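In what follows, a single structure is set out as structure tokens and then discussed.
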């Protein structure tokens, strides 16, 4: 076996295992950290596919951004007590049926598709093409997404300042 | 079956490559901890360590390391055991992994990938998570408060860091740290100044100041050392740690300091380029110059550490969101304009 | 909508224990804080961890002078001032005069101790705010004072040097020279300290407008010393109710003026201490000049201390504020009741009032700025 | 600026002779003994009257008088505006040691009254937080009473040496 193959299986198993822990863990913070391992595993798989830019983006955005946001949300909304993060499973039967159906569908598609296997050569300019595409063909969606994010940030700031000016008020003393 | 014999051609160089930065980090950490004490001693009008190893207590950090190795590894009863034990190693792994793209000299770089800077920033964002992990797993309110603070701080200060790194990339036109370094060779500016980026564009001086303030915050150094501010939060996320795990945190912190300083050296001060053109160049001297630049920045961090008080958490956030981020974006535009005009 | 938000905010409260083992509570003090995020909603100080029954001991002693070593242990960073307060109280009960030279030595010792105590207070305050270096600079100077004390009394912290009616022994022959030397070298150090801390932007940001104590509140809570003066009240027992020979010296009472923020904030309380050190230097200089060279300091010590029946409340200005001794005598050799009114005890009592709405980091600044000594709070 | 005698005369004009008495001994300072039930009224007057203006309570001490089987509370007042001092004293029997709290008049009294309760056992009515302050909440007895006997065990731990 090649080293890359070993690494591929290692990261695949790690990703799937972490995902399983995330789903089955009763503790929501444990789930969040399992999600982290899963995301890092996916990033490693991207690296094995020579998609280094996507791998780094995966780390920066999902692990460094969204996951931290999730953890923040979990920790702040549970009133600061550190061990009250239990989750329970509801709607066991419909959920199982639905997920089994989706799984069957995916396996069916996986088996049925006529996969074309080709040897990937290591590209030496991954980001150059990406940049060209973003600033060329897809410049409009790119800018629209940027404006949307800007509006979201302004909205968030507006909401945050209103809330904090209410709660942080130095009360006068008698 | 795994055929190791066939793989030695791959595995051995990889292991050697991995070992080089590790050696540099460990040796640097031992020197830096001793150095920090000496700097503190000098600033505070005292001697610092003097006894261990006779000459100015040079062996003090080795003795400390041995002491830490022998200490009991305490895990609090209600802690989340796996995460508690894992967090320090993950933190060190994150800062260690980032060293892969640092060009130590023209002859040595761990991995010469195209997206060097981007990879470095992405990997260091794992530091934040490991701090949250340690903070939460300790099951201690002070730890949790410290973890939350540090997460907020690091996430915020990542923005100005990335924005200033972006200004350098605009000038350099590459994300590859090796390429960025190579293009700063030579001494052409005003006839004698080296072609370092900080001299190439006046707005990059502003960028460097913003960058340096942000890395102070990213590396949890005074005046932004709120996550572990000993007078308020006891020791922040490290409160419950002892022995080797605590040593791992310290190692990671010092490694992080060096990493960000070296990044600063690459981005603004010409990386491994000698300040005297061809004089004193060559792979070994390049390594010397590079480390010298990085350690100088580390020294400035220590100097600040022992001089200033620390900010409060809301003031810290205000500096980031209210001053550094707008300034860095305005600066980005100005740098770009300068590049277009000249 | 607003109601909902405030409801959520209320539910989010978390109670946290600051202390008894915490680096910035200056001893074994436990503060129960109700937090909303990092904003303090309520503070409940819990004290008594260092309680040693000073008052009970004082009543059990068979001699008034045996109480003096216990007064040292009340405020252990300004032991000389504690002794001074007790000694003048008993002397007033006995209605005795003390020799001239004794008075001068007492004043010099007390003022040196005031500088030493303020140095510790300021240094620790800086340390609370993360400035480590000023702390050590302060300690270097404090060390010099302690060296002078050690030469004379033999002890560095708990001196037992004052006696009722005199001093235990005469000062060391080098005393005058050493003290003059110290006064000369210390002035520039205050400037150094001002450069490092008082004028530091970050330090001002951390202390100005924080923990504001208005004048009226300060008086109602019985504040005294630098805490009261920081709120702009020109009140110093050395001037307003002179004891010993303080009326002979020319010095000013520094008060807070709200220079960096609101009147009565942490910075004001801090700067009052810095300026007080300068005034203490002035007093020491004048006292060294006026001190008689000859005179037996032990001759005035009475053999038998048995005050007549009566009671009095004698107060003196320690570095922390008004130290009062309320002593009741029933004609026996031991006091019937000794109550010590410790300034730190009173100042800690006003902590909940000035810390409402502050952040945890401000709490550290506030506790540091009122400069408590737990030995005195718990007695 | 008034002497204690003047303050006493001023007070008797306001409150009458029967509630107040002026006392002094061989040495030290004189004091005014006030009837326990009147202490809050008198305190309020002392604080607010324009000729007295006692804005600070310097000290509040609990005292045990074993011979008379009485508890006492001494109030030392002081005016920063007019720079005069006065001492008040309240005596109550051990069997019914209730004294109205002056916490609403001078906030200093809050902790001092708690200490007096803790050490001597004076009960302050209307105190907002009437708990022990220096000793643990479940401690037995009041140490500064002359007849105090230390409990042998505290929560299973021996208290002696």
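Remarks
We call the chains A, B, C and D, going by the order they appear; numbering starts again at 1 in every chain.
By our rule, contacts are C-beta pairs under 8 Å (C-beta built on N, C-alpha and C of every residue); 3 or more make two chains touch, one makes a residue touch a chain.
These numbers come from a predicted model, not from an experiment.
For the pair chain C and chain D, there is no chain touching both partners.
Chain centres were defined as the mean of their Cα atoms; on that basis the chain farthest from chain A turns out to be D. Note: centroid distance chain B to chain C, computed from Cα atoms, is 44 Å.
Centre to centre, using the average C-alpha position, chain A and chain B are separated by 26 Å. In terms of their C-alpha centroids, the spacing between chain A and chain C amounts to 57 Å. Our note on geometry: chain A versus chain D, Cα centroid distance of 67 Å, whole angstroms. Residues of chain A in contact with two or more other chains: 76, 80, 168.
Touching of two or more other chains is recorded for residues 141, 314 of chain B.
Along chain C, residues 14, 217, 353 each make contact with two or more other chains.
For chain C in complex with chain B, the residues that touch the partner chain are 14, 16, 22-24, 38, 126-133, 136-137, 140, 196-197, 200, 202-203, 205-206, 359-364. Of all the residues in chain B, the ones that touch chain A in their complex are 1-3, 7, 10-11, 78, 80, 83, 113-115, 118-119, 121-123, 125-126, 128-129, 132-133, 136, 139-141, 144, 148, 151-152, 155, 158, 175, 314. On the chain B side of its complex with chain C, the touching residues are 40, 43-46, 141-142, 145, 222-223, 225-226, 229-234, 306-315.
Those residues of chain C whose C-beta lies close enough to touch chain D in the complex are 47-48, 51, 53, 55-56, 59, 92-93, 95, 217, 219-222, 233, 235, 240-241, 307-313, 315, 322, 324, 326, 328-329, 337, 339, 341, 345-346, 348-350, 353, 378-379. Here chain A touches chain B in the complex through residues 1-3, 6, 27, 29-30, 33, 36, 40, 52-53, 55-57, 59-60, 63-65, 67-68, 71-72, 75-76, 80, 82-83, 124-127, 168, going by the rule given at the top.
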